[in-house]
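Chain naming follows the written order as A, B, C and D, and within any one chain the residues start at number 1.
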């Protein structure tokens, strides 16, 4: 049976490219996203056209039962999930506390922390029974420092990171590889960054930083590292790594002219 | 008018002693806890008997509106809250994922992270209007590392820590001092540790480690540092500090015999 | 016999004010610095004039034997050193690698890391024999992140921090309190910042940020916290704390307009 | 001309295997170690026998000029160094302060921190002129926490880590990829762990943990990740990652039975 790589949060950025990379590596890519059936169909078609195996699943991750049902369905209809890519963002932009509403703060937690917990509750026992598996968790700088305006996002991502640590502590010895991947630069992703900026500003940004300049993170490049890390020999597992474009200042630095 | 120090989570451990210490320092101590009216009354009586000013308030912090109403009531009836001590724990012991239920995980977040957010939503604007204030937030080792079995607690405390960082980033320049205090050893606290262990084991522990041995953290000693930090000159504010008993191994170390 | 507080690096900033604060608290302040006998004499005279006890010692800390001899002399002539304040900076400004010479890099290590090791080699056994003591180590943001241009300084300060952790791991259970204090803002210190900027720029900076604005760290305010931390009850010791002025962006943040 | 991967610290563990892996990937492996010409010759012969390109170089890295000369020689005789693997350890076992001698502490710094600085002083300008390069720096848990008995090692490795951060801050925008790789478990390395334990205890350890159990880190597995990271697309560079065997407790955790 084909190994399945389930991607929760499979937009046109990291999620979709990781799905594609795993499909190229012989996995069935089970791509899950909240909306845009057309976009989802296109991603599945693209993978299938190049000889890969993929399926698309719409799910609203914040709804109780949604991730759970998708996992059950994929396991029943496609095959055992060997790798889960938890790639849901929870960014709401920089907002003062006064504009960070209770529902927004709770939503951050539901997407950022609780959804991962819910997925682990269902999948970890299945993986344990099968003798192994992999959790690749996309994360953000906000997991390690709370910048001005990031009340909801930082609390959510920090919860995500510590949950990854507790999952790792319990499940690594059971042969389940948990990885916390800290993405520290903007990603060339039309579905997220593109929508945030709008078409015009996004086009300008691409002009300035992409197109061979490599100053925006290319999701296909990120996906290569996801795939590598997921296939590390178990005597040499990475739990945490950061990634950023060469031209960016790391989160712990601030720009200094020498 | 007397400055008010409001303590959310005023049991017989850190919370109660911090309240007492601020009362000795001239504040009115508004002590809030979930239950045990008798215990609360005794703490208030003890402070009053030694010439201090205090009041007791029962509130169930996980209920929406509870902290909010207590703040409103204290501000209306007692005076402006100058210092908030957020001292709610969210520890549920070490539990495998299988025994960490959804409600438990959510409760961890409600007590550990969301309650602080709710308090800040109400109090920060009041403090800002008054030109200043102090948030002292008790935290735990779980805020910085996710140990085995700490799924709920670590996610909740990490969220708390990052929320403190975002609050600090926005409100320190507005003269509001936010402090994240990482308590890294067991505290001599009958209401929490005592209840967790039961009377017999707690008595044995006290025999072994307290009574002049100083191997359990004394909440009155912790309270002295809370009071000092709350009164630092604003040109020299501490955002984060750890505390542990001299005989304990710091969380980042493991025991090594030399 | 009077307890001695020995300050290595007793200029007109943190070092001198910490000495003064400990003298006010009943200690003999043994003030050590590399040069400026006149400045040293004035500090001693100022302390003595207000009824305190102090002595001045010139020493070149990078020379092998210098700190060692000063410790021996102070122990012999004044009394047992209860508190060591290691307050030597190793900042050489932001310099590209090309301008960071081998001698400069080594000097950073000698002042930043090795001098503390040498002091600990001599003093720890004495303190252990006496049943306790305190090491207060001034440190800098560079101990936790290597900013552009900080090749020498960051390596030196990170070594200092980790050495503090190992000293703490071995000596805290022997009742010796080691504290790593991360100073994260500029300090109103004529001997260091003042010399770095020159009189004119320093005067302008004071005009802009000091004089009641509190946007430069006041060393007397820092000293109050040093004194408090040095006197924490041993069941509630702090190993690490940061300090910055209320108006400054913490090192892990970058400025964001909301 | 063939790209060169220079390995400083090319024993039979990580260093040798990384050299071999880069040779398999088309590089010339320039293997440098302090002693054991025979072992060095065998490694070179092994690589050559499988069709790769390699050379061996004895150098005593603590001697001023040694690394510098080796770099000059390799650049002159073999070709431009595209990747430097700095793989010198500085472990001296767990020793109380009393047994950590001044020379030992200094030697830790010379191997752990200063040698990397010296290599960077020579190589960074060459790489910058050529438009890019890679520094892969092996590091240890001691870089991020100072355990009991690690006075020399922790100070040295923390200095190494912060130096990596400053190098990254200055040179990443110049297309030079600096990576700090934190090895957090024991490695199956006869030249280091084997010598530390002696043949009998090492054989027992292998019996208990290696041989298909994967509880010792396999250096060939580590080498695969070094090679991957060195070839990340520059829009998605990793600065720091940790590695440990699946069965090990991460450094930030302590063992807990659930």
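The working rule: a residue touches a chain if its C-beta (ideal position, glycine included) is under 8 Å from a C-beta of that chain, and two chains touch if they have at least 3 such contacts.
Keep in mind that what you see is a predicted model, and the values were worked out from it rather than measured.
Superposition of chain B on chain C using C-alpha atoms only gives a rotation of 180 degrees, nearest 5. Residue-number overlap of contact pairs with A-D passes half for only one option from B-C, A-B or A-C: B-C. Centroids built from CA atoms put chain C at 31 Å from chain B.
Chain D has its Cα centroid 34 Å from the Cα centroid of chain C.
The centroid of the Cα atoms in chain B and the matching centroid in chain D are 44 Å apart. Taken residue by residue, chain A touches two or more other chains at 96, 145-149, 165, 168-170, 252-253, 256, 258, whereas all remaining positions touch fewer.
Those residues of chain D whose C-beta lies close enough to touch chain C in the complex are 96-98, 102, 105-106, 109, 113-114, 117-118, 120-121, 124-125, 142-143, 145-151, 154-171.
Those residues of chain C lying in contact with chain A across their complex are 94-96, 144-149, 251-256, 258.
Within the complex, the chain D residues that touch chain A are 165, 168-170, 172-173, 175, 177, 185, 188, 214-218, 220-222, 224-225, 228-229, 232-250, 252-253, 256, 258.
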